[in-house]
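Per-chain residue numbering starts at 1, and chain names A, B, C and D are given in the order in which the chains are listed.
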Amino acid sequence: MNAAARPETGYTSDEMMSIAAARALTGGTRCFVGIGLPSTAANLARRTHAPELVLIYESGTLGSKPDRLPASIGDGILAETADSVISVPEVFNYWLQPGRIDVGFLGAAQLDRFGNINTTVIGDDYADPKVRLPGAGGAPEIAGSCREVFVVVRQTRRSFVERVDFVTSVGFGRGPGDRERLGLPGAGPTLVITDLGILRPDPETCELVLSQVHPGVDVDHVRESTGWPLDVSPELTTTEAPTEDELRALRALTTVS
Amino acid sequence: MAEIVSLADAVAELVHDGDTVALEGFTHLIPHAAGHEIIRQGRRDLTLVRMTPDVVYDQLIGAGCARKLVFSWGGNPGVGSLHRFRDAVQHAWPGPLEIEEHSHAGMANRYVAGASGLPFGVLRGYAGTDLPRHTGTIAEITCPFTGERLAAVPALNPDVSIVHAQRADRHGNVQLWGLVGVQKEAVLAASRSLVTVEEVVDELEPVPGQLVLPGWAVSRVAEVPRGAHPSYAQGYYERDNDYYRRWDAISRDRDTFRSWVRETVSGAEVTTA
Amino acid sequence: MAEIVSLADAVAELVHDGDTVALEGFTHLIPHAAGHEIIRQGRRDLTLVRMTPDVVYDQLIGAGCARKLVFSWGGNPGVGSLHRFRDAVQHAWPGPLEIEEHSHAGMANRYVAGASGLPFGVLRGYAGTDLPRHTGTIAEITCPFTGERLAAVPALNPDVSIVHAQRADRHGNVQLWGLVGVQKEAVLAASRSLVTVEEVVDELEPVPGQLVLPGWAVSRVAEVPRGAHPSYAQGYYERDNDYYRRWDAISRDRDTFRSWVRETVSGAEVTTA
Amino acid sequence: MNAAARPETGYTSDEMMSIAAARALTGGTRCFVGIGLPSTAANLARRTHAPELVLIYESGTLGSKPDRLPASIGDGILAETADSVISVPEVFNYWLQPGRIDVGFLGAAQLDRFGNINTTVIGDDYADPKVRLPGAGGAPEIAGSCREVFVVVRQTRRSFVERVDFVTSVGFGRGPGDRERLGLPGAGPTLVITDLGILRPDPETCELVLSQVHPGVDVDHVRESTGWPLDVSPELTTTEAPTEDELRALRALTTVS
């Protein structure tokens, strides 16, 4: 978590992001938890309003119930508390690929207006990149096969771009009908949770539209932090501020680790 | 029955310059000690294969052992980037590094195909991504029954696979538990294999969630206590999260990294190409 | 979470006339009680799928539940032939039985493909045998990388799969151990699934060699103590080898078999087509 | 075991067959044990001269060490005494298919002069068979992928035929070069052990030739028990009679079960 709590609110924008992301996970949702920010949010949800949440990690755990934030997606606590520990090929072949997972929870280095994700290279030349990123990991197939995808990512002009330099994981491709043409069974990125607000795809154009701002965040600031002309939903709402309970649970989780 | 030898002998015998070598272990049981032994013995021109090249591959790449990397996610888990990997890709230091990049699902299925004696594996993957434009080892295949189009990836069959496990018995039967990753597939896909273990015991007491590799399916076993450090060995020691954080600083700078190799991997030198 | 219901309710709800139904269990944990319940409820026109149709399928076939059998080995293990199966194939009694015949490797890969959400599986199999001449569901496929030709088989995706396990907890998480056969694949490949268990417990104590199916991957669980008899449930009871031997005599004769159905499967009747 | 011990020898021809078959398994051979007669022989070998023998059963056991004869290939004793218990798909895909097994040990209902095996149907019409047999089981891929195949079968004119009614498992097909053409990696049936003697393929013609007769068995009787004009090796030898130890071990094994 970067940045100290803003004195006027008592929480950081990262904390707001994690709490907003956690709130999106409810009931017994089967959630494939990607590396990074998603793990914080998913664990927070399970520790607060969604104790039945089923956490699935690509390292081979079904139904992990860690009592602290795992230091990585392969933390021992995930195996020790899982309903079932399986091999990595089994995770992808028997559990992810057939569409058994409700929500794929992903981070991103770059995200574009159609929700495509880049975690591979920054720059136009794959062979000679400006910045070499970690690569695909499980994300392409998580983005393809989960019933829906939630993305958690900090919103800046650098990360929210007109078009990603490299499509590591497909959102809506170049627009309506692309997922169907590609044979991707899931609904794609239905929710993008940032430190500034929440974006949802327009059902007609598949373009990400600002549907919610976090408390105290100005819409113009969100626009300035977006690398394409951002549409704002006419029904724009404001996120409910973090409750004391949510903040306490989040801080307990992130401090212990 | 797998022969039980020293780590140095095992690496000298099994790993040759120019080989395709896979070190596997998904966060858990990463064979760090074996990686250091490869650096120490100065192996060159290796094609390094690993789903998640993390710190140990950053070290091998930085030390100039690798010609090529076959992988699906290269980062320092929970910390950030791999600076030696980046430096090799972005600035060809200490030498150029060819890369062959897949997704986890693709890599896992490549190992499965390799372990199964099949030339390729099939998956629903890569569709719509930019990976097939840059990775030659992704093809399309058509279902002969439904006409559906899927992705095919070629089998991975390393010359040597190296994994770490908790225990072996004196016949070289290997037992591991906790996150088992893709280790069984990596060993079975390879022509030769080395398993480093925390300890060699008389009898392998059954453990829930265990995976047992019969000694006749493994080439060599070497007893290397803490051989997975700084990763962890469930039931033996925890992950050294500080090491991973410290690695960020050590690896950022070429000279700091050089000193680390010299001091930590006992006298090995980085030679630039 | 899998709902825990009675066996009768589970079969009534999940198994319909005309369904494709797989009862799996490789010698161990064969869901006999569920098979008898299907006979008792008078299901008809089933496509029965099973790698090793043995006594329980002889009973289902003899009782007239099946229209078609998809299988790889049909015998009474350790005893000899299945007389009801033979009578159906050789003399269409109690009705004609269509067969779709594979090898074990083919059937196993069909379940794996089904569990993996793939339309087909690939194996080195069937080459030179007469099976492809009679079985439509065997095709050739060419490796896009090497040009090598292999066999392809279509995924199996039963309407319902039924397996037996040692235990479930109150959330319907299922635990089995010992020979686990192809049960996980059969359950995951199916649209609906029923697991009969020896007992429902509060807590699933880990057991070496266990396989755990999360409750959310199973439709229904029914507590049926001795539900695998005359096969066995490791840790609960032994195989009733006498039963298998006695079955030979019971099944040889149509009338003896009819009486067996009437008396043992409480009042069910065999109707001939 | 059928037939009582012949008074003149003190053992039955089935006992001779099992003992001859057991002798063929030596050292640390990895042996894929088929259903029926092979299991008796493999277990006898492990209990006598080959304690290091690795027994693999298609039910999912690697390295079973049963202390009694398993009642079936899925007997619980096989799992309880195994080095590793694996799923049935794994047996075929990870262990059999890549050629990790030295010897596939099979039975047969019909066997022809090229060592092809039929366990499917007797009669010309598959759709309307004279006798419906159990079918393939694991045999086709065992016969294809093991480095060599040993067949144990009682020798009669009905079982030893010119050409099998149905090729369930390929021996040498129609003769030299067929296995290579079919892409079958193993060497095929290098040894056929019967209650009368032992047959081996002629290296030139691939036809099964009588290379050994059991004690007291007349070559003419073997010829009469064979459905094709049986060639006899010029180096025909006679099997060593069962030793007291072998008979004792075999009977201990078969009586306990």
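We adopt the following convention: a residue touches a chain if its C-beta (ideal position, glycine included) is under 8 Å from a C-beta of that chain, and two chains touch if they have at least 3 such contacts.
For each chain, UniProt lists the protein as follows: B, C = 3-oxoadipate--succinyl-CoA transferase.
All values reported here derive from a predicted model rather than from experimental measurement.
Two chain pairs, A-B and B-D, are compared here, and A-B has more C-beta pairs in contact (counted per touch definition above). Mean C-alpha positions place subunit C and subunit D at a centre distance of 28 Å.
If you average the Cα atoms of subunit A and of subunit D, the two centres end up 58 Å apart. Rounded to whole angstrom units, the spacing between the C-alpha centres of subunit B and subunit D is 41. Shown for subunit D are the residues in touch with two or more other chains, namely 93, 97, 145.
Shown for subunit B are the residues that touch two or more other chains, namely 112, 117-118, 123-124, 148, 184-185, 209. Every pair of chains in contact is given here: A-B, A-C, B-C, B-D, C-D. The part of subunit A that touches subunit B in the complex is made up of residues 35, 58-61, 71-76, 78-80, 85, 87-89, 91-93, 96-97, 120, 126-141, 144-145, 166-170, 173, 178-179, 182-184. By the touch criterion stated above, subunit B contacts subunit A in their complex at residues 26-28, 51-52, 71-75, 77-78, 81-82, 85-86, 89-90, 101-105, 108-109, 111-112, 123-131, 133-134, 148-149, 178-182, 184-185, 209, 232, 234, 238-239, 241. Of all the residues in subunit C, the ones that touch subunit A in their complex are 1, 115-118, 173, 184-185, 188, 211-214, 216-217.
The residues of subunit C lying in touch with subunit B in their complex are 117-120, 122-124, 137, 139-141, 143-146, 148, 150, 152, 154, 206-210.
Chain contact summary for the complex, subunit D toward subunit B: residues 28, 30, 54, 62-63, 83-84, 93-94, 97-100, 145.
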